[in-house]
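The first chain written gets the first letter, and so on, giving A, B, C, D and E; residue counts start at 1 in each chain.
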Amino acid sequence: MINDKNSQKIVDFISNWARKHSIWVLGYGTGCGAIEIPPTMTSRYDAERLGIRGAATPRQADVLLITGYLTTKTLKRVIRVYEQMQDPKYVVGFGSCTINGGMYYDSYNTINVLDKYLPVDVYINGCMPRPEAVLSGFGKLQQLIGEGKANGATKYKENLEWYRANQKKVIPNWVMPEYNW
Amino acid sequence: MNYIILVVFLGGALLTFFAGKINNVLQDILFLASILVPASLFFAYVHAGNIFNLTLGGIHLSLGINAMSWLFALIVLGLGSMAAFYSVSFMKGKERRGYFYFNFILTIMAMTGILMSRDLVSFFIFWEIMTWSSYLMTVYNGKDVQTVGIKYFVFSAIGAYAMLMAIVVIHSINGSFMIEDLVRSFPEMPVNMQILIPVLLLTGFGVKAAIMPLHVWAPGAYSNAPMAYTSIFSGALSKMGIYGMVIVMVSLLSYVPEGYWFREVIAWMGGITAVIGTLWAIKQDDAKKLLAYSSIAQLGYIIVGIGIGTPLAMMAGLFLAVVHALFKGTLFLAVGAIERQTGTSNFREVTGLIRKMPWTFVASLISIISLAGIPPMGGFVGKWMLYESLLTSNHYLLVIVIFFSSTAAFLYCYKFLFGFFLGQEEKEWANVKEAPVLMVVPMLILSFFSFLLGTYPGIILKPIDAGMQYLGYGITQNHLWQTSVIFNTWGNQVVLQPLLYSIIAIFLFFLIFLTIKSFKQTRYVTTKDISSSGEVPKEHENLTFSVDFMQPFMRAVEPVMRRQIDKYYTGLANGLEALFDFMRKIYTGNGQTYAIYVIVFVVILLLFKDILF
Amino acid sequence: MNELWFDIMGAIVTVIVAFVVGITYMGLSRKITARVQNRKGPPFYQNFIDALKLASKTSAIHHGFMQHVGPAFMMITSIMSVLIIPVLRGNAWFVNLNFHGDLIFILYIMVFGPLGMALGAGQTGNPNSAIGVTRGLSQMVGFEIPWVMALVALMMQYHTTSIVDLMNVQIQSGMWLMFSSPFAFIAAVMAMLGMFRYSPFDIVGAPQELASGPMSENGGKYLFTLMSSGSIFAFAKLTLYVDLFMGGAGNLVELVIKTFALYLIPMLYGVTSPRYRTEQSIRWFWGWPTFFGFLAIIYAVVF
Amino acid sequence: MVGTPVLFIVIPLLAAFLIPLLGMLWKELVRIVPGLVLAYMLVLSVNLLNHVLIYGPIVEVIAGWRPPLGINLVFSAFSGFLVTLVVFMGLLIWVYSYRFKRNVDFEPAKKYFLLLMMLITGSVGIILTGDIFNMFVFIEITGISGYALTAFYTGRDSAEASFKYLMLGSIASTFLLLAIMIIYSQVGTLNMADIASKMHTIKPVYKIISFIFFITAIGIEAEIFPLNGWAPDAYTEAPGPVGAAFAGIVVKASVYAIVRYVYTIFDLSGAYDFLILIGLITLIMAETAAIRQERLKRMLAYSSIGQMGLVMVAFGMGTEEGVFAALFMILNHAIIKSLLFFSGSYLVYNSKHKYIKEVNGMSKYLPITSLLFALGAFAIVGLPPFAGFWSKLSMLTAAADSNMLFIIALVLIVSVVELVYYLRVVNRIYFFNKEEKTEPKKPTFNALIVMITLGALILVIGFYPDAITGILHKASADLMDKGQYIHDVLSLNK
Amino acid sequence: MNNTYFDLLDYMIYGTAILIILIGLYGALVKKSLIKIVIGLSVVDSGVNLLIVAIGYLKGGTAPIFSPGYLANPIKMVDPVPQALVLTAIVIGFGVTAVALALVIRLYRHHGTLNIDEIKDLKW
């Protein structure tokens, strides 16, 4: 009965609903976009009403929120954090820098396209995106989760070699535990 | 039979000592035999009835046991046998094996002798044998002998001499050294003797039981002795003090009006001991020291129970004594195993042994839970009875003190487990192996018993009941305890069996839920794979926070910790030595001065001749 | 045999009730906190969703055996205490183990969980966990003192250690103990502040410094277990307070009202206070709460 | 009758003066003869003691002059016990010092054994004699041989120690003569029994003054507190066996003299309390002085003084139990302290200054000697099951029976001090590492035999005190029975 | 008869003896030179001997020699015992002095001084 396809469907539906309405965000707030997170969380926009709240550690988090540019140095940490998160997990690219490098597009030590290194589920455009945009982005994410389409983690697992190759290109001395999710 | 046991012990000790010159294996076998043979003889043949009399040096000595001493003999010989098995493996490849075995057997012999003594002189003789053999074990390592060893012996000697004084005073009043005569004649003694004798005796016993102002020797001595021995030292040898106290408190003080105050004072001293021991235990970074202070604290509880002296309290005290022997014995053995496998017992150095020494960990875990007094382990039953007895006998402040101590005990309990077994698994200790079977099995057996007693305390409450009946308490069975039910005198109860089953059921359910692998892709990662701000910890990075672990708590209790009794004793000792050093300057080295002394002596005598003669 | 099944069913129902009520309270507390902060806040059932989500995580990592044992120990504490504490007065369904343990047993089984969780946290090797654990244990030493003093005062006064008996005392006299032994109640409530670990006593989790402390390596089903055990435990503690000081409850509604009223105290105190440091927290508990504890004992002795 | 007490004086004295002559015949005779003599004396004394224990004391009259005019020797249970002890110790010392230092050649050995025999003669004489002037003579014999033995090593310090001893000794002899003369001028007799029977006729002031002079004079030999300045020096600088001889023989004889004066001759009631007082002071001063000593032998010397104070306290109780305890302690002290001196002198054999720190780690080089030293240390502080325990127990029991709680407490506190310094040394032997380069010397075979004998005695008495308590009880009863003593001696007249 | 005169003589003898003893003691206790100390001790000895003889002295007594006519005509004889004692004591004192002087020689050889204050290597 448990492995029945229909019951599996029901279970999936319920879990997706739960995942959708309970998004614990691990904010990687090294970029300048992090300044937009406090207004989003506090009383004016109050993301918590949508079930979005901060998570303290990657183990507990569902969403990795990359706020802004990633230097080659911080990328390593981000990868590490992402790999420590538990499935299902999602990545939200926040601001233009994660999409194409934004105003740092020609900097020698930032990465331009985050998607080459981590599977981004939702990008939030803007430099910086306002809280409304953030909420809208999360709304999009919720929608994707509800439909079961936010499968960045699966993509990452499947294309791990490609991602690794990209990552290793940026990070010269690679010392990290194997990712065998 | 009684003396045969002692003779077998003694002969075994000598044989074992000299067998070391021939063959190590032979020595091991002889050692085990000379512990186990008398032990089994004891339980097989010694009954309360048989008494062995002997007159030595004009003093009537008498050996025999009673229900009370049988209980303590259970502790001594039970723990002794376990520790003996352990020792064989523990001592493999160490030097001074003969020395170790000899003193080990001698200590057990002395303790058995103490329990068999029916008169004070043989009690004292065995007491002193126990003292010096344990002293020799304390200095076994040759470390800190002039400080720790001397301190231990000096305190022991103070206690023993106080006891000796009491013994001779009793003899001068009674004309007899028999304990029975003392008990019989005590109520008729003059009041000052009724005060003096218990004070002296309690000083003697208090030293071994490490009661508060006399406890300063214990941390050093416990931690300095080899661990295989310390388990006896703390588990059984300190109980001899308890045994003596039981006799004094119950047999003597119950019958005199001053007894009440004695009991109160002793109980409070026990309570303060418990607090001090606990606080200092929290501060230690060395497992041996930690356990040593913890022993002091635990003995404090036992003393509280005995001090209060109501049937429930006495039962609690004795039960705790048994359980303490079990869990503290195990813990010291565990530390010994760890020290043997890793070469250190300091939390600063060793971490993450849980996957290397799983069985040692299991034994330690059960014992620690028992120590903390958490159900369903044996420690809980003892603590429960202690609290209930304090409550039902209106010791409301004392119960707070005890509770504080036992809550604070969680801190060091956790520190012990965390420091050794949990935390980061460092590469340095990657090759540590589990201790040999002969070391692990005794630990597991002992911890199994402390688990068993948590649900079926009746097993050990039965002999305790017998012992208490011997001391003059009424029957406690069925209104204070049943096999797995404990009552207090207000009629409240704890039914242990269903509680245990519930706990096991819940535990197993959730353990399976959490452990099962196929469910939710549960998998193991190393302790280096932790979320520390996205960093990959380097091998040399120290992520083990077991040093200065309880700093916030220590800051909170800092005013209490500032005063150390030890410092006062050291100051006193140094002051006295300086005084003595000054006094001996009277021997100036000048012959003429000596001659003048003679003349002065004569003149003084002539001047005071009317007073002197 | 039937009785056994009956007992088991009763226990399961009790646990479910406790879980539902407890987790709702947690959601409500989030809601109320949000309202105090002039936010809309999540719906009151938000914590259900969170729990469900955690339960539906598809992967879980652990650092060793103790990480399984820790949450299981925590669960033992919560469920055992909710089984032993009388949930409803004179209700045949919720008798469970009410007559098998007493207050002292409760006191000790209640520290089993923190210790177990501490062990689980220790196994992870995360320094934050260890620090959080030590803070938690230290704080426990702090608040246990007034708490035990209050309990001792009650037990002394009514010569019983059984919770059921204390409840009956209140029914017979028609007076709640919070009025007849006010100091004990004050001390106990002050201790409760620490027990619930809301601000200013949230030094264990301390998200800013310790990244949720002991739980920082727990995700997925581990966190789910801890969370549900936490809610059951919260319910158990509240029920215990209600039983001891408010005469227990005759039916579920009464119970919910009383427990929620009590629950508001630490919660509302929490949302308006910044966090203490560990030693401040301990000293706070050894200050006024202990003083009230003393008063309670003196009161119990005198009257 | 198997022999007469007079042989105890004649034979060793004769042997002493024959030694040089025999040495001319065969050099080894110098070493052998004293041993034969002592062995014979031991056999004799044991026989006599057996006889005495059954048939009562033997009173020997010298040269036919009956008491109170002539000199008489009294071999009672008390004095017989002490004589046996002294002779036994003498024999052990002989065995031990037979080739103590191999390089000692004929001349010093001759002197050594001559003086040793003199010392034993003097001590035995002190114990046996029944005449106070004769006792003076024997004390002087003991003294002079003692001075000479102290200065036996021709070093710088031994002469100094010897000179101090001599200075105090000659002051002692002055006082002794004065005391004897005061007594004589009052009662007109020198016989102890006669004096004792006439003591009540003397005016108290003379009695007291003479008693004070006696105590001072003999106290110097018996090492009571302000008079014992010589003792530590002499013990330290004399050869090891001589230290044992002082502790085991000379002091015992002097204590005998004091006891005889207090118990038999004088009837001063305050004398007992005075003994306790002076004993306690001695005990405390000596034991406290010992704790910070740097030299092993000096420490042992102070310990010995302290033990004598304890004996004094026990004698001061004036009860039979007290005397029993005191005798027991004398016996134990003789055995144990000799063992300590014997083994201790091997532990610091080759070192120049004999510092305590030079015993560090000796257990690895001299296992048996170290073990025996430790045994002695444990025994002397009174740890059961060794010999010292029983004497301490009987002493404390006696004190308690006399209701002297304060004294018990003091004695026990001082025992703790004693314990500390002995343990420090034992710890050094066993648990410290050897640092000095001095070559440890293995004990010679005969020395080892002596030490093992003493160790065995300690164990035997410890495990089976009945072996000795019967004799001690008889001896103490004998001392207590003053009337019997007077009767035994004076009845020879009729 | 004029008893007082003879009594005074008696006392004078005693007094002289005690004076000698005190002089000797002074020498032994105060003087720093070893030789003087030994001399002082000898003087003390002499004083004591004198005292003993004085105690045994009997006014108008004869020498204590047992003559054949003694029993028939008992005349006063001084007490013979003290004299015998003194003889012994003198011998002993002589011996002690000899040993003392020998020691002094050795001390001087080792220490190069006779000052007793400088000869105290052994102390405490």
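Note that in this section contacts are C-beta pairs under 8 Å (C-beta built on N, C-alpha and C of every residue); 3 or more make two chains touch, one makes a residue touch a chain.
All figures in this text were calculated on a predicted structure; none of them were measured in a lab.
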Chains adjacent to chain A and to chain D under the stated definition are B
Touch-network distance, chain C to chain E, counted in steps:
2
Chain A to chain B, fewest steps along touching chains
1
The chain whose C-alpha centroid lies farthest from that of chain C is chain E
Counting contacting C-beta pairs, the top-scoring chain pair is B-C
Nearest to the mean of all protein Cα atoms is the Cα centre of chain B
Please indicate which chain is farthest from chain B, where distance is taken between mean Cα coordinates of the chains.
E
Euclidean distance of C-alpha centroids - chain A vs chain E, Å:
117
State, to the nearest whole Å, the distance from the C-alpha centre of chain B to the C-alpha centre of chain E.
69
Separation of chain B from chain D, taking each centre as the mean of its C-alpha atoms, in whole Å:
44
Cα centroid separation between chain C and chain D, in whole Å?
78
Hunt down the residues of chain B that sit against at least two other chains at once, touch-wise.
521, 525-526, 528-529, 531, 584, 587, 589, 591-592, 595, 599
If you look at chain C, which of its residues touch at least two other chains?
57-61, 211, 216-217, 220
Multi-chain contacts in chain A, i.e. residues touching at least two other chains, fall at 57, 59, 87
Kindly provide every pair of chains that touch.
A-B, A-C, B-C, B-D, B-E, D-E
Counting only contacts in the complex, chain C reaches chain B at residues 11, 57-69, 71-73, 75-76, 79-80, 83, 97, 99-102, 104-105, 107-109, 111-112, 114-115, 118-119, 122-128, 130-131, 133-135, 137-138, 140-142, 144-145, 148-149, 152-153, 155-156, 159-162, 165, 211, 216-217, 220-222, 225, 277-279, 282-283, 286, 293, 297, 300-301
Mind listing the chain A positions that touch chain B in their complex?
57-59, 76-78, 80-81, 84, 87, 175-177
Looking at the complex, which residues from chain E come into contact with chain B?
25, 28-29, 32, 37, 116-117, 119-124
Using the touch rule from the top, collect the residues of chain B that touch chain E in their complex.
584-585, 587-592, 595-596, 599
Per the touch rule, the chain B residues reaching chain C in their complex are 352, 354-355, 358, 365, 369, 372-375, 380, 383-384, 387-388, 391-392, 394, 396-397, 399-400, 403-404, 407-408, 410-411, 413-414, 417-418, 421-425, 488, 490-495, 498-499, 502-503, 506-507, 510-511, 513-515, 520-532, 543-546, 549-550, 552-553, 555-557
